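Please see the structure below; I have some questions.
Just so it is clear, A, B, C and D label the chains in written order, and each chain counts residues from 1 on its own.
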Amino acid sequence: MANSKYEYVRSFEQPDVLLPNTWIVVRIDGRGFHKLTTKYNFEKPNDRRALDLMNAAAAGVMKELPDLVAAYGVSDEFSFVFHKDCTLFERRASKLTTTIVSTFTSYYVFLWPTYFPTTPLSAPLPTFDGRAVLYPSVRNLRDYMSWRQVDCHINNLYNTTFWALIQHGGLDSQQAEKELMGTVSSDKNEILFSRFKINYNNEPDIFKKGTVLYRDFTIAPTPSQESASTDPAPSQAPKVVVPTTDSTSASTSTPVTAARTPPLSKTAAEKDRKRRLKARIAIEHIDIIKDDFWDQRPWILTGKAP
Amino acid sequence: MANSKYEYVRSFEQPDVLLPNTWIVVRIDGRGFHKLTTKYNFEKPNDRRALDLMNAAAAGVMKELPDLVAAYGVSDEFSFVFHKDCTLFERRASKLTTTIVSTFTSYYVFLWPTYFPTTPLSAPLPTFDGRAVLYPSVRNLRDYMSWRQVDCHINNLYNTTFWALIQHGGLDSQQAEKELMGTVSSDKNEILFSRFKINYNNEPDIFKKGTVLYRDFTIAPTPSQESASTDPAPSQAPKVVVPTTDSTSASTSTPVTAARTPPLSKTAAEKDRKRRLKARIAIEHIDIIKDDFWDQRPWILTGKAP
Amino acid sequence: MANSKYEYVRSFEQPDVLLPNTWIVVRIDGRGFHKLTTKYNFEKPNDRRALDLMNAAAAGVMKELPDLVAAYGVSDEFSFVFHKDCTLFERRASKLTTTIVSTFTSYYVFLWPTYFPTTPLSAPLPTFDGRAVLYPSVRNLRDYMSWRQVDCHINNLYNTTFWALIQHGGLDSQQAEKELMGTVSSDKNEILFSRFKINYNNEPDIFKKGTVLYRDFTIAPTPSQESASTDPAPSQAPKVVVPTTDSTSASTSTPVTAARTPPLSKTAAEKDRKRRLKARIAIEHIDIIKDDFWDQRPWILTGKAP
Amino acid sequence: MANSKYEYVRSFEQPDVLLPNTWIVVRIDGRGFHKLTTKYNFEKPNDRRALDLMNAAAAGVMKELPDLVAAYGVSDEFSFVFHKDCTLFERRASKLTTTIVSTFTSYYVFLWPTYFPTTPLSAPLPTFDGRAVLYPSVRNLRDYMSWRQVDCHINNLYNTTFWALIQHGGLDSQQAEKELMGTVSSDKNEILFSRFKINYNNEPDIFKKGTVLYRDFTIAPTPSQESASTDPAPSQAPKVVVPTTDSTSASTSTPVTAARTPPLSKTAAEKDRKRRLKARIAIEHIDIIKDDFWDQRPWILTGKAP
């Protein structure tokens, strides 16, 4: 039985190749996580286990997709960055986006029992949606990353104060909201300190700055990594959960480049890919707005394993 | 700290709203499942547990997304059908596609231990990619569905014969491939019967016809459902795994319609949605090429709960 | 000198093929025609020469693009309809849209002296922009056409009354605008009749109903064409200006069809194309909202020359 | 009569906003110009009047669309460059592309009698199609421009030799084609010189290098413009045909910028626009591959009137 009679339906498939030589950011967001945090009794304003689980899932994605150069996460969202020269899946938007969403979801559900051993999942299960956005220049890309980290700060300062008013101040949520209406950063810092003896600066960096992931090609530990290791969990958790794997996806990445930079030879590309697969995934909670982060890790923006 | 300095990056987000009044099919495929079937020792040519797991995950997707009117699966692929009047997520392609891929993945990983109790998952984990395709007419949509079911038949007949030659005929895979080169359907039927006493017609329907899912609004069991119930597993497995849930996604579906049919009133739309959420998800292995399937379940194509 | 070093830039070209099996409407609009009507002293509220020029240009487009099945124009806009099975230029949106805009502009400028013999053009010249919109069903397509014709009526009744108040009532434009604020159709009809003895029903159909163009495959003149011929200009003007031409574009139309209807054989397709090229372009000012228009000319929606 | 019943058809219009912060090149091509050159007896291999007409039409486009920073033309094609910060028509692809195609066509037909006074146009008329392509970096943009100029050279050397063999060598077109098969540049130069005493280097620059247009903000003539003025026609022809006009389109350009560069204030933007409108359109036939052209006219790439 030939299938030719129906095969014309393939002509309805439309291409969705992303413009070459632009940075691809795939941003995923938890779907209905407000309900989910209630259902599973997440701690407020931040649940460390939930953040560690997000970061571990992101590390899984980074491991399986060596084309990713960085990722940044806060709350129930994560942004994954493909280099502008990336040719994975011929830059098809659907394929890139769904692969990241699926891989993230897969790790999130798989690792849930590790981070919430006493709270089993039940339907409806946690899910994520996602989309790809293109940024033509490094300036645009870094501004996107800065935007997310500033957002992290704004939301966390608000949430920290909001929940302090409720948990320690005895207010209900409506009263807390009213109290914070019209306040600026310094007001919230003042409320935290004067009423609750909380110095916001001393809050954990993972809450204040979110989490950035990247491949670490340095040989010796650098100061920035040491500072990260004062924050114990992220460097432990992922070690357990994200073994160096031979990704199935990687094989579909072809060394074709649309930019004018000469494409790597096949052997060089394969070597490069192996270096990426082997590299440790660094998981840090540091400033990515200033130049330091990028200057000290030039391989993130060059896309070349050093 | 205001975030306005960086907020311009939002202007890089591009809309991806799908054309109104067209059928949306989101097709997902297992990524690198060839390796996966080896890693977890799937039975050849078909692993019943793996298919049941696929179907249970699809049922989970159907339950959580009441806008879906049908789904069809075979091997490691599944096609989900949104009605042409669907306005879920304002018909944004990324959102629809990633939500389905994520929900499917979530159930697949979550339910894995139920179907493979003695074979725990390990990284790299199972993942799926997906894409949305539009079909303007019912004819196009049904031809798409027919295309997948014909493909199921062609592949299954080939695989059944191929593996019979290896498992019972002592050939290696190269010899089996050579043996089948140039054969047509009747040749393969003949090989199966004359050499291995296998009557292909008696093979399980789930292998020969794949699996169709839809909302069952009938009150009394109909003949077609009884015939499905001769096939025990699918009607059991999903019962366990897909409880009626109050989907988080459904709330974002707005009763705006782009076609000329008058949109349902808010109350009517809410009632309709509730009927959909409550409806049993039928899971069957029957012909969807001929008119019977569609004629007997008119609500699939009308999109109206009867 | 090889050009391979730079040829990579072709990879930045993105496909823009329109979904198969959907009606394509290319709508063009005059750019800055408000200024233009002042510059060239167009008569208000309607300038018959200007409308005849628009219609003649549209007839030129219909002649050169035999894939078009109909067109509808009002004021400085025109909508051109490609059949849902059309495969011209592989349905590339840019190519279809720019070809229509360019052909229309070309005829408009070329024919200008015929319709405005004493008013030569000068820079800035008349120009048009355009876009393609897809309509999946005949219902959607006809509703689009109805929308434009209803718009024609609403605007023309307003403009007729507005200019009567100015030209015959001695009001200035602000007073006229104020007078019409909040009025409904019957009010405007009443103003026209009671103050200016104008019976709106007796206004020319070309003003009230706009202009529809289609290929006329009838052998004997039908009543509807006779009624059109009471309106002298449109049937004359195009005769002069739009000779039967062997279009250069037609040769790029390939008889590939994405819908399930069997594609015409090459010979049959060529015959069909020739019949279309030879057919007279009917130019009428009649109702296209009711069924009559479409029922009496079934070949417009079937797309088959009878 | 309200139009709301049909207005839903607007929901079928899909946005086509081009990615911000990328260079937009709209390339137009003559449709069926091979036939046209025969019909109007264009001189071979190059018809100076036809090229001057193309350039004059392009100058008209540049004048009416002050957002354009440059244009490059060869044969029957022209590429128009919008600056990466351009926000004209909110960067809608259809609007940008059709406006350029229409304006070019309008000038081409309008100016035809100036350049071909004894050869009146007749149907089918000259038309152009076009498309927009995005280039994220200056490197990509310049490589695109270089690609077109190299193409110009390759084609012109071929055509010059091909027509010399026919016009002076007495070959027919098949013989000439055969003669040139497999030849490289030096072979063709040799054929031209040894057989026909033609030194290809002495051919007019307009044939060898095509034509670049840009706004000339320099006060005193610079060396590069003087060199152009050795080529008399281009500086004359456009003077006649492209008066400084107050474009209707320009008013729709809004000073919103998607890139991080602070947008100009309204007054500053208006001033900038006026400077652009007043600037002379330079029309030259020089190398645009090397850095010189761009280094000497920095305002083209900065997009700021100096």
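The working rule: contacts are C-beta pairs under 8 Å (C-beta built on N, C-alpha and C of every residue); 3 or more make two chains touch, one makes a residue touch a chain.
Note that the coordinates shown come from a computational prediction; the quantities given were computed from them, not determined experimentally.
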(message) Using the stated contact rule, I'd like to know whether B-C or A-B comes out ahead in C-beta pair count.
(response) A-B
(message) Quick check for the class: compute each chain's Cα centroid; which one is farthest from the centroid of chain B?
(response) D
(request) With chain centres taken as the means of their Cα atoms, state the distance from chain A to chain B in Å. (result) 30
(request) Give, as an integer number of Å, the spacing between the C-alpha centres of chain C and chain A. (result) 52
(message) Using mean CA coordinates as chain centres, what's the gap between chain B and chain C in Å?
(response) 45
(message) Going by the contact rule already set, what residues in chain A reach two or more other chains?
(response) 8, 12, 14, 19-21, 134, 140, 143, 259-260
(request) Would you pull the chain C residues touching chain B in the complex into a rising list? (result) 19-22, 84, 134, 136-137, 139-140, 143, 259-260
(message) So in the complex, the part of chain B that touches chain A is made up of which residues?
(response) 1, 3, 5-9, 12-14, 16, 28, 31-32, 35-36, 60, 63-64, 93-95, 97-99, 101-110, 121-135, 140, 143-144, 146-147, 150-151, 153-154, 185, 241-243, 245-249
(request) Quick one: which bits of chain B touch chain D in the complex? Just the residue numbers, please. (result) 8, 11-12, 14-15, 17, 19-21, 257-260
